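For reference, the structures are reproduced in the following blocks.
In the two complexes that follow, chain A is the common piece, with chain B as its partner first and chain C second.
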Partner chain A sequence: MKKVNFSKWMMWVTALYLILPLVLTFLYSFSSEWINVLPTGFTFKYYMQILPRQDFYMSLARTLLICVLTIVLAGILMLLAMYVVTVYHPKFDKYLQILCMIPYALQGIIIAISILTLYSGAKGLFGSRIIMLVGTYCIIILPYMYQGIRNALRAVSARELIEAAQILGCTRFYAFFRIIVPNILSGIIISSMLSMGIIFGDFVVVNVIAGSSYQTASMFLYKTMAQSGQATSVVIVVMFIITLILSTIAFKLRNKTH
Partner chain B sequence: MALVPLAGVLLFYLIIPLFNLILKSFLKEGQLVFTLEYYVSVFTKKYYIGAIINSVLIAIISATIGMFIALFAANAANHATAKSKNKFLSILNMTSNFSGIPLAFAYIILLGNTGILVVLGKKLGIEALAHFNVYTITGLIITYVYFQIPLATLLLIPTFEGLRKEWREASQILKASSFQYWIHIGIPILLPSIFSTLSVLFANALAAYATAYALLANNVSLLPIRISEMFVGDVYQRPGLGSALSVIMMLLMVIAVYINQYLLKKVRGGGAR
Partner chain C sequence: MAYITFENINKTFDTNHVLKDIQLEVEQGELVTLLGPSGCGKSTLLRCLAGLETVDSGIISLNSEDITHRPTSDREIGMVFQQYSLFPNMTVEQNIGFGLKMKKLPKEIIKEKTQNIIKLVHLEGKEKHVPSQLSGGQQQRVALARAIVTEPKVLLLDEPLSAIDAQLRRVLQIEIRKIQRQLNMTTIFVTHDQDEAMIMSDRIHLFNAGKIEQSGIPVELYTHPKTKFVASFIGQYNIIKASDLSELIEESFTKETIAIRPEVIQIATKEMPQNNETLQIQGKIIDLISRGNILRYHIEVSRNIILKVDTLFRTHSLFDLEQRVWLNIEKRNIIALD
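After this line comes the complex of A and B, so read on.
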C-alpha cells in the first residue's frame, strides 16, 4: 500500500516539475514587473505590444510557407516512392527504410551544416536560401513521413486492396492514388502535423542556413529575447499554443483511426 | 520512374552533402591534397578538445539523470489508474514540445541572475540557490535534464507495460522482496530498452543546439555551437575544421550506438545462461 502511494507521488512530482516552466512562462507574459519572488502586477501590455506587430505575423507566415512547401513536397515524393515500393518492388522497402532513417540518427545540425557547405557558394536554384531550407527540412522530416505513411499503408492492407481493384479492372496507378491514398489520408495528415511541429519549433536549421536573411518565427523569438523578457514570453506563448493545436489534431486523429 | 524524385532529393540533400562534408575534413582548403591537419588541430588545441569533452560529459550526465527519473516516472505511470495515466501521458506529450529557446528562456526566468528561485534563495538564505548560475555547465545540465525526462518516459512506458503482473505475484509468493524482484526480474527485462533509450538521449543532448545557443552564447564551449561557428561565423570561416568536428560528432553518435548494441548482446547472452 505504501509502495503504491510512493509511486503515485513520484508521478505527480514529475508532472509538476515538467509543468512548472510552462506555467511560469505563461504567468511571466502577463506580469508587469517581476524582479521579486512574486510579480508586482498583471497586465496585457506586452500582448498589446507584440500582437499588432506586422513583422511578427510576417515571421509566422514565413514559417508557415516553409512548412507547407516542405510537407507538400515530402508528401508527394514519399507517396510516389511508396507507390513503386508497394505495387512493383516490395523488396526495395528495406533500402528505403535505411535511407529514410539516416536523418533521424544524424540530427539537424549535421544535416544543416553539410547542405550549407555544399550549396552556400552555388549560384541559381541550389544556392537560393529558401530552396536550401526546403531541401533540409524535407530530409529532416523524412523519417516521420516514412514511418507514418508506411504504417498507414500496412493498416489498410494496401497490397490486397490493389489486387482486388485490379481484378475489378482498375489500373494499378488508379487503384493506388484513388483508392489507397484517400484511405490513408488520416495517416498522412498525422505525419504532416508531426512534421509541422518539428519545423515550427526548429531553430538550428534556420539559424545555420538562413541566419537573419529569412526571419521565421523562431528567429523572431530569438531577436525578441535580446530586447524584453515579457515580450519574449508572449511570443513563446503564442508559438506554443500553435504547436499544441497541431499536436492535438494529430493526437485526436490518431485516436480516431485506432 | 516514380522513385526518381525522392532518390534525387536524397542524393542532392543527404548523400552528396554528407560525402562532401567528410571529404572536406581530409582535404586542404581549395586543393585536392590529402591532409590530417584539421584532426590534428582538433585533438591538440584545448579550445576544440574542450568543446568535445564538455559536450560528451553533458550528454552522458543529462542522459543518466533523465533516465533515472524517467524510470521512476514510467513505473509510477504503469501502476496508475487509466485516467491518471492518460493525464500524465498528455502532460509528457505537451512538455516534450517545450525545448530549445523557450526552454532556455524559462530556465533563465527561473534560475537566471534575477530568476525567481535565485531571489527566493536570497530571501530565505539558501546559499546554493542564491548563488546559482544557470550560465554554466551545471546550469546547462539541469536544463537538458528537463527535455530528457519526457522523452525517456515516453520511450520507457511501453516496456514497463510489458512487465506482467503475474511475474511480480509469483515472486511475492516465493517470498522475494521488492528489491529482489527488481534486481532479478524487473531490471533485466527492462535493460535492453534502457540501453537503447540511453543512446537516444545521448544523441539528443549531444546535438542539442538551440537551448545551448540561447542560454549561454559563449560561456561554455560546446561541440554543436563550435561546428556552426566554423561555417557561419562573422569573423572568419574555417570549413575544413568544422567538417572535421562534424565527422567527430557523427563518430561519437556511432560509438554510442555501437556501445548500446554491444551491451545488448552481453545482456541477451547473459540472460540465456
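After this line comes the complex of A and C, so read on.
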C-alpha cells in the first residue's frame, strides 16, 4: 500500500514540476506588477496589446506554414527513402540510419550558417530564404522523422506485408503506399508532432537564415521580450495554446488510426 | 509434362548454396509437401516459385509455361505465409477481397466471391473484424481464404500452422486438406513437422542441405527410408551400425548402417518361437517413457546398441525397469541404408 502511495505522490510532484512554469507564466500574463512573492493586481492590458496586432497573427501563420512545408517535404522524402531501403536494399538501412543521425550531432546554428554560406549568392529558387529555411529544418528534423517511421515499419513487418500484397497482384510501390503507410500513420503523426515542436520553438535557425525579412512566432517573441515580461508571457501562452490544439488534433488522428 | 516442374534449380545467398540442382515435379491437383529441417532450402524453393526470390540457374515451369523470370504479380499463385501477413488496417472482407480488387473485378463479383469463400472457411460473422480481433486459427483461415479466392493455379503454404497450438493445428490440417481436395487445387506445403507431412500429403520431398534426399508417398518414405538422414528425420527409427548388430546375431548385412522402426519390434518376457524370417535378441529395459497412447521402452541389448521399442499403451506397462526381455524382429523390417 505504501509503495502505491509513493508512486502516486511522485507522479503528482513530477506533474506539478512540469506544469508549474506554465501556470506561473499564465498568471504572469495577467499580472499588473509582480516583483514580490505575489502580483500586486491583475489586468487584461497586455492581452489587449498583443491580440489585436496583425503582425502577431502573421508571424504565427508564417511559423505554421514553415512547419507544414517542412514536415510534408521531410515526410515524403523519408517515406520514399524508406520504401527503397525496405523493398530493394535492406542492407542499406544502416547507412541511411547513420546519415539521418548526423544532424543530432550538429548544432542548428552550424547547419544554418553552412546553408547560408552555400546558397546565399544563389539565384532563383535556391536563393529564396523560405526555401533555405525549409531545407534547413528538413535536415534538423531528419533524425526524428527517420526514427519514428523506421520503428513503425518494424512493428508492422513491412517486407512480409509487401510480399503478400505482391502475390495478390499489386506492385511494390502500391503496396508500400496503400498498405504500409496507412499502418504506420501513427508513427508518422508522432514524428511530425515532435518535429513541429522543434520548428515552432526554434529561434536561432530562423534568425540566422531569414532574419527580419521573414518574422516567425519565435522572432516576434524575441522582439516582445524587449517590451515587457507580461507581454512576452501573453505570446508564450498563445503559442502554447496553439501547440496544444495541434497536438490534440494529432493525437485524436492517431487514435483514429488505431 | 507435369503441372509444375523445377529443372536444375540453383540458388545461392552470398556464399551459402541453398538450392543445389533441384529437380522436382508436381502433378495437377496434388498436395505435395517439402519437408526438412530449418535451413534446408524448402522455403527458398517455394519463394522461387512465387517469384519472391530469383533463381541463379534453372527453369521453373507452370502448366507448360516458363515462369522463371515472370513478375510475382503475374504468376497466378496464392500463398499463405507463416505469419499470415494479413493487412492490419483492413477488415476480413477487405483482406480477402484485396486480390480480386487488384484484378479489377466488379464490386458485385468481389462481394459474391468473398462471401462464398468466407462460408467455405467458416468465418461467417467475422467479415467486419480486423485481424487483431481474431484468434490465431481465424487469422490462418483468413489468410487461406485470401490466397484461394483469386482461384490461383497453385497454392503455396509456407509453414502456415507452425504458430498454432497442437490441438488447433490438427483441426486445421484436416480442414486445409478438405478444402484442397474440394477445389482440386495444386498445392505445395512446406513444413519441418514430419507428422504434419504424413497427414496432409499426396507426396513428400524430403530436403537436406539444399538437395532432395528422398521423394515418395508418405507410407513409402516412412517404411522405406533410403539414407540415414531420412530414417532419422521421418519416424523414430533405431539407426544402428550393421557391424554392431552382426556381433550379436550371426547375421551379415549389405550396408554399413541399418534402421528398424520401434513399432515393428515385438517384446516379450520369454523367448519366442523363431524361424528364418525373424531375429531374436535379449536385452534389459533401462528406460520407459509414456508418450500419450504409446509406451516407449529403451532396451540395452549390447554395449553399443540401445533399441527403442514402441507398444500401444493400455492401462499400465507390461514390463518393468531393469527387467530382462526378449525382442523379436522380422528380417523384412530391417532396412539397409545408403
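Keep in mind that, in the parts below, the second predicted complex is superposed on the first by the 216 of 258 C-alpha atoms of A that agree within 3 Å, B and C clash if a C-alpha of one lies under 4 Å from a C-alpha of the other, contacts with A are read in each partner's own complex, and residues count from 1 in each chain.
Keep in mind that, in the parts below, contacts are C-beta pairs under 8 Å (C-beta built on N, C-alpha and C of every residue); 3 or more make two chains touch, one makes a residue touch a chain.
All values derive from a computational prediction rather than experimental measurement.
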Look at A:Ser128 in the shared chain and tell me whether it touches chain B only, chain C only, both, or neither; answer first, second, both or neither.
neither
Quick check for you: in the superposed arrangement, does A:Gly197 touch first (chain B), second (chain C), both or neither?
first
Any idea whether chain B or chain C touches more of chain A?
B
Is A:Gln147 touching the first partner chain B, the second partner chain C, both, or neither of them?
neither
Once the shared chain is lined up, is A:Ser157 touching chain B (first), chain C (second), both, or neither of them?
second
With both complexes overlaid on chain A, does A:Ile179 touch chain B (first), chain C (second), both or neither?
second
Once the shared chain is lined up, is A:Gln166 touching chain B (first), chain C (second), both, or neither of them?
second
Considering only the touch criterion stated at the top, classify A:Gln97 as touching first (chain B), second (chain C), both, or neither.
neither
Find the residues of chain A that appear in the contact set with chain B and again in the contact set with chain C.
none
List the residues on chain A that touch chain C in their complex, please.
156-157, 160-161, 163-171, 179, 182-183, 257
Chain B contact footprint on chain A (complex, rising order)
3-4, 7-11, 14-15, 17-22, 24-25, 28, 34-37, 73, 76-78, 80-81, 83-85, 92, 99, 102-103, 105-111, 113-120, 126, 135-136, 138-139, 197, 201, 203-204, 207-208, 211, 218, 221-222, 225, 229, 232-233, 236, 239-240, 243-244, 247, 251
In the complex with chain A, residue positions of chain B that touch it:
2-3, 5-7, 9-10, 12-14, 16-18, 20-21, 24, 69, 72-73, 75-77, 79-80, 84, 87-88, 90-95, 97-103, 105-107, 109-110, 114, 116, 119-120, 123, 146, 149-150, 153, 178, 203-204, 206-207, 209-210, 213-214, 224, 227-228, 231-232, 239, 242-243, 246, 249-250, 253, 257
Residue ranges of chain C touching chain A (in the complex, touch as defined)
50-52, 72-73, 77-79, 81, 83, 85-89, 98-99, 102-103, 146-147, 150
